[in-house]
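Got a structure for you, questions after.
As written, the chains take the letters A, B, C and D, and residue 1 is the first residue of each chain.
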Amino acid sequence: AANTKDVNIAIILCCGVESPWDATMVESMERVKQAKPHGLNITYEYTEPIYGDAVMDAMTLFAESGDYDIIICHMTCSDMVQRINKDYPDVAFVSVGSGNSSKGGNEYWIYKRVHEAAYALGVLAGHMTESGVLGVVGTFPADDVNDEINAYFAGARTVKPDLIQKVSFIESWYDPGKAAEMTSAQISMGADMIFTLASNFAACEENNLLCFGNFADESHYSPSTHLSAPIAIWDRDITRIIDGWFDYKENGVPQNGNTEMMWTSMKDGGAVVAPFHGLADRIPANIRKIFDNTVNDIMSGDLVVELDVSEPKSD
Amino acid sequence: MSGQALLETKMLTKHFPGVVANEGINFVLEEGEVHCLFGENGAGKSTLCSCLFGYYRPDGGSIEFKGEPVKFRSPRDSIRYGIGMVHQHFVLVDEFTVLENIIVGTNTEKWSLDLEASENQLKNICDEYGIDLKFNSLVRDLSVGEQQWVEILKSLYLKVEILILDEPTAVLTPEESNKLFKIMHKMGQNGISIIFISHKISEVMLADRVSVMSKGRLIDTVFPRETTPQELTNLMIGREVKLRVIEENDNEYDRSYPILSINNLKYKNKYGKFALNDISLNLYSGEILGLAGVSGNGQKELFESLSGNLNPDSGTISYEGKEIQGRSSRVFMDLGIGLIPDDRYREGLVSDFDISENIILGWQRLNDYTKGFFLNRNNIKRLAEDLIKKFNIMTPSSTVPVSHLSGGNAQKVILARELNHSNKILLANQPTRGLDLGVIEYVYNQIKLKRDEGFAVLLASEELEDLINLCDRIAIISDGEIKGIVEAKSTSIQDIGLLMAGQSETSA
Amino acid sequence: MISLEKRLESNISWVLFVYSLACIVGFIFTAFLLWSSGTDIPKAFFALYKGSLSSKKAIFSSLNYATPLILTGLATVVAFRAQIWSIGQEGQVYAGAMSAYFASLMFYGAPLWIHLLLVIAFGALGGALLGVLSAVLKNKFHVNEVISTVMINYIIIFFLSYMVGGGPWTEISDVNTTVYQQSDPVADYSKLPYLFGSTKLHLGFLLAILSAVACHFLIYSTPFGYEIRAMGHNPVALGHRGTNTHKTLLYILILSGAIAGLAGVTEIFGTSHRLKSEALYGLGYTGIIVGMIGGLTPLGTIIAGIIFGGLASGALYMKVLAKVPAALVPTIEGMFLLFFLCAGVAARYKIVVTGKDV
Amino acid sequence: MSELFQEAVIISILAGTLRIMTPILFAAIGELVTQRAGIWNMGVEGTMIMGAFVSYVVATQSDSLPLAILSGILSGMVMGLIIGFMTSTLRVDHFITGLGLNLLVGGLTFFWFRIYVKGGHPPTFTGLENFSIPILASIPILGEVFFNQKPLTYIAILSVPVVSYFLYRTRWGLEIRCLGENPKAIDIKGLSVALRQYIAIIIGSGMTGLGGAFLMLGFSDRFQPDLTAGKGWLAIVAIIAGKWLPKGVFAAVLVFAFLESVAVHVQIIDADIPYQIFFALPYLASIILLILLRRKTNQPARLGVPYFR
């Protein structure tokens, strides 16, 4: 019987719980809590959005309070972690997402890729597009944005090699106004399916096209157009951290955070494809079949979606 | 004139922060009379009028209309009683047409504007008084004189019974002034009673009655025919002043070599009108060259070109032979050319700065006033203090903001600065405008002193009499042209008046 | 109708009274906001105190937040004193940061102090260049400086976004790190040294204080300062009497821009140690408020800056400890500014209620 | 590049132009009225955000777009009241008042937004529908561009002649313009300068609020902090570029909107240009526009100068 019974986790959010990124993280955390790894009672709390150097103060605040065993921060915070983690050896510090690095020890680094799911959706889109033009409304051309956009098109190209791809970045994680304009612009250029990372479906509805959301299941925003979306699942990543910390607490094994980027593949449960909800019947059975096979192949490992993080351009 | 009191103040008092503008004024305007307010600057004339007009609210005392006590909470009330006022400084909108200027704020019932109706109504008024104006021309394109008519029309349009005119003739040519007095006479016949303010003794004598004010008090109300100009003036100032500012002068100086020579200066202003139309003048050391003419006829542009604040389109300005037109004001100042601008608060002073800071305006980088990177406070203070003595500027200390100085004293600050920093030429544009005789006397004496020291002085003024008394030569400017140059010794107001009048149809 | 009457003599105790009143009202409104967000007010205010001045560390942190605000505040003072409504501080901060970063790469390997001096100098230069731009636009083309500076702000921000988001300064991406809208970390020896053994407060703070003192003397006791103030009161008279006001405007905007640029340097090389807009966002706009609350005086700006720094540092604690929603700080800052403006009026004028017009 | 000239794209660019134009035009025409009354209101940006936020809350609470629009206008008017109080009654410097208000509102709306959505997903609403004018809409191209827009777009365009009639043909307009040029002329008629300035700025800010509401209801389904992204400032530029004349302002707004619409489309055509350049384009253009339009303006003489008796 372990004598380490509780673990307290603090999550410093970047964009607010309503944003897909933070929302999925919190949802996963709740699932892990229910799962009780190592029989631990997990308690966690998350903050208001905090960015810039304030993040370091927030981490310090949690760390020095002594009440928290694992401190998770989003966006570019590894610099700050590396300034303080030595002072709190018992705490596990976790940076999540792009713009980070890790020096190991009690510093961990979670990375997230949903490009495999995006690839599968690309295949679906490739079959369903009539114009042969696909549009993607991106946020910033960051590594973990580029990967899914490229994978999406790669998937589609397996069906329509001469596919025309349209990409625009709105230079913001979330700007409905710009997103709407970009979407209608792409539609005007013939795009008949939009993969929007900016979660705005207004234009899709106006032109009643099918669209894909991103990162979280956003169909509630627009049940009539939101066909599906690649969804991020963080459970594995969180448990990985807890394991590392637990091993240290329980068996005195020095913490040994990953120094290289680690992301959980779809096969290992790092991502899924959102259910089609009410729109399932819009997909012809044969296409549905091909799509399911693609997903299965990815899950089984027969199909390896290769990674391309170069900045996607329109053609 | 019925002797019937129409508008009356009882012990009226009005204070401004730090100033008693009116103190216990008992003023009576009788029905149908033309009543003149006479008094030195800041005596409180405008303030009294503003109280009668409801623009300022008196702190004490009362106002009675036809024997009934009335409270004017705002001009709205006084307008309702048929009182109109033409302010000392025009209250016009340059970008509006004459018509818009007159009707704005008059109709308070309807939403829409009935321009035709208003225009016809105005036509009748103009015909009656023989005023002719193009109702659709922009006010900014009008001459100063014409703008004065617009101001008067604003009141007539409201069918006033009492008309208050605050220094209406200050900006008018002699014959425009005459015309105005004719019109005032006609108004009298139409049962309009008139209060007017003037610093010009000749005009004061034209009134039915004159109330003399000084330092916020109403000293006495007299009948002009029962007194003399000299008496009136003494009464106002409280001491002997010479009305003739300077006795005949017999100044000799060398005219072989001009220190400043102006040749064929031309300048088109932003409305495409020739503000300077081929002006040529020579200015000699040791002389005072007068520039006679109603302001707004090119004086401003000329003085600006001569002080490096305006780049003429063509023509030359040579200082001791070398051309300097279009150079910066810095250059002109360094040549020893001083300037007294006509708009003293806008162009001559930084009102929020104290006296000592204003004394070095433009010379702040002079070695005498700096110590390394820093200003040399001590030197500056010392200079300011002895200039304050030298020019007897009325002020508690050299650290009083100029905005707290009276008009005259503010003018003295400029005079002190310019005379202290220049040594060759003094350019003075309307240096005595709006000042009372006491200060005028002082300013003229200073100018004369410098002339005797060998300065060349260019002096623009609307006071022909003063020019004749003070100057050696007088150039007459009108409509941006020099209409003639006369020897002051051998000329008269009439001659000059004629030279101006010769062009007055175009210039006014 | 309400009209204002100037007070000839200013009465110190009255002035103190109205300003402290403004503060009190400000805090009441803050409390109301907190209440409306359902937070525990005493807890929130305690968190504010804890984060701003409870400890040496908290104070250092407050001063650290204050550093760029003092600088952008000073930039505001210099410009606004001359009635030049430049609100380009925001963009100038970005420009300063960028050219300083450029210098840190360019002069890599130079001896430590020379390197630092060059980095700082280039930061000032970058801000100054934007100043020149708006000055030329105003002098030569009569482009209203408010507009030009705001537009330039937007443009420069997109420029940085390009430089670190796909452009030449974008961080190299490999298995150990990934691109995200930021540059590589700056070299250790380019970092501004820390002060007093703190791990937050850095050389930039001294820089800010020195700049403030310098500005104080500049404005009140040099010919240029005289011109700045005269420009603010009556540019016409200044120009008519021998001062080239175009030049004065140019120099003022250069100075203002340079100081704002320094704020960019202190943020990048003192605090975030990477070039990224996240670290710079809003410093310029807040600086305007700081300068105004500082009464457009350099020394006042130091105080206002430190207060705002405390607010910022405390706000983080409020978020974490009291769960106060984000964006409370700009709200408080905006409120305090408006109340201080009203207090300023009450201090300078008597408010007299007169009869009504229509 | 050729892609840009396909019919569908041209239509989309032009239609987009009108869409983007609408909120800026409301703000610019409103602000024009305010500035004609002599108030240099820098708080346009803030007023727009406020209008957007309030209309968002109302839209999500009541599901009634008319109500949302109305409340957007009202919130704008309230902002107008505050600005009026600061600038007209207290004679505080106009620039600072505006800047302060922008900061305050930017923060406040974000703050309230966080409270409003706490935890959950931000509630959404269904935005304004296009309204195609019967016959006209069926005209090729033109119909798509001009006669298949949201009703507010038509109203925005209509507001140009209406406001210019108000300013030049009514007594109130005359008096308001007079305030911008020389308020004393109103004062000595015993008419309240303040009252008229309040009227002007409340009208102006109301329209600006409406612009904000459109930005919210016409473009997206959720509020987002700082969603005006400088449109308020563009409105001010448009006034200067348009030389304070309704027609000129309208033209200027159209130009900006067109540029922005083009920028949005160009990003999607095959071009290896950093996309940031296209975002910077409208701002760059507005500066260039001001350079070209230098010199003679009809800027009200007393714009931004507090009036003391």
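Just so it is clear, a contact is a pair of C-beta atoms (placed from the backbone, for glycine too) under 8 Å apart; a residue touches a chain by one contact, two chains touch by 3 or more.
Fair warning: this is a prediction, and the values are worked out from it, not measured in the lab.
K.L.:
Give the chain pair that accounts for the most C-beta pairs in contact.
P.N.:
Result of the pairwise contact count: C-D comes out on top.
K.L.:
How big is the gap, in whole Å, between where the Cα atoms of subunit B centre and where those of subunit D centre?
P.N.:
45
K.L.:
Just give me the whole-number Å value for how far the CA centre of subunit B lies from that of subunit C.
P.N.:
Computed value for the inter-centroid distance: 47 Å.
K.L.:
Suppose each chain is reduced to the average of its Cα coordinates; what separation in Å results between subunit A and subunit B?
P.N.:
It comes to 78 Å between the two C-alpha centres.
K.L.:
Whole-Å distance, subunit A centre to subunit D centre, using C-alpha means?
P.N.:
One centre to the other, that is 37 Å.
K.L.:
Out of subunit B, which residues touch more than one other chain, so two or more?
P.N.:
Correct list: 74, 76, 108.
K.L.:
Could you say which residues in subunit A touch two or more other chains, in rising order?
P.N.:
Residues 16, 48, 171.
K.L.:
Where in subunit C do residues touch at least two different other chains?
P.N.:
If we look for residues of subunit C contacting two or more partner chains, we find 158, 161, 165-166, 325-326, 356-358.
K.L.:
Every touching chain pair, please?
P.N.:
A-C, A-D, B-C, B-D, C-D
K.L.:
Would you mind writing out the residues of subunit D in touch with subunit B in their complex?
P.N.:
Answer in residue numbers: 169-172, 174-175, 177-178, 181-182, 184-191, 296, 298, 301, 309.
K.L.:
Of all residues in subunit A, which touch subunit D in the complex?
P.N.:
Touch list, subunit A to subunit D: 16-18, 23, 48, 135, 166-169, 171, 174-182, 184-190, 200-202, 205-206, 220-222, 313-315.
K.L.:
Subunit A touches which residues of subunit D in the complex?
P.N.:
Against subunit A, subunit D makes touches at 3, 6, 8-9, 11-13, 16, 19-20, 114, 117, 119-122, 124, 126-127, 130, 215, 219-222, 224, 227, 229, 261, 264-265, 267-272, 275-276, 279.
K.L.:
Quick check: in the complex, which residue numbers of subunit D touch subunit C?
P.N.:
So the residues of subunit D in touch with subunit C come to 42, 86, 89-93, 95-97, 99-108, 110-111, 114-115, 118, 190-192, 194-195, 225, 230, 233, 236-237, 240, 274, 276-277, 279-280, 283-284, 286-287, 290-291, 294-295, 308-309.
K.L.:
Could you please specify the touching residues of subunit B with respect to subunit C in the complex?
P.N.:
17-18, 57, 73-74, 76, 108, 307, 309, 328-330, 333-334, 339, 341, 346-353, 357, 360-365, 369-370, 373-375, 377, 404
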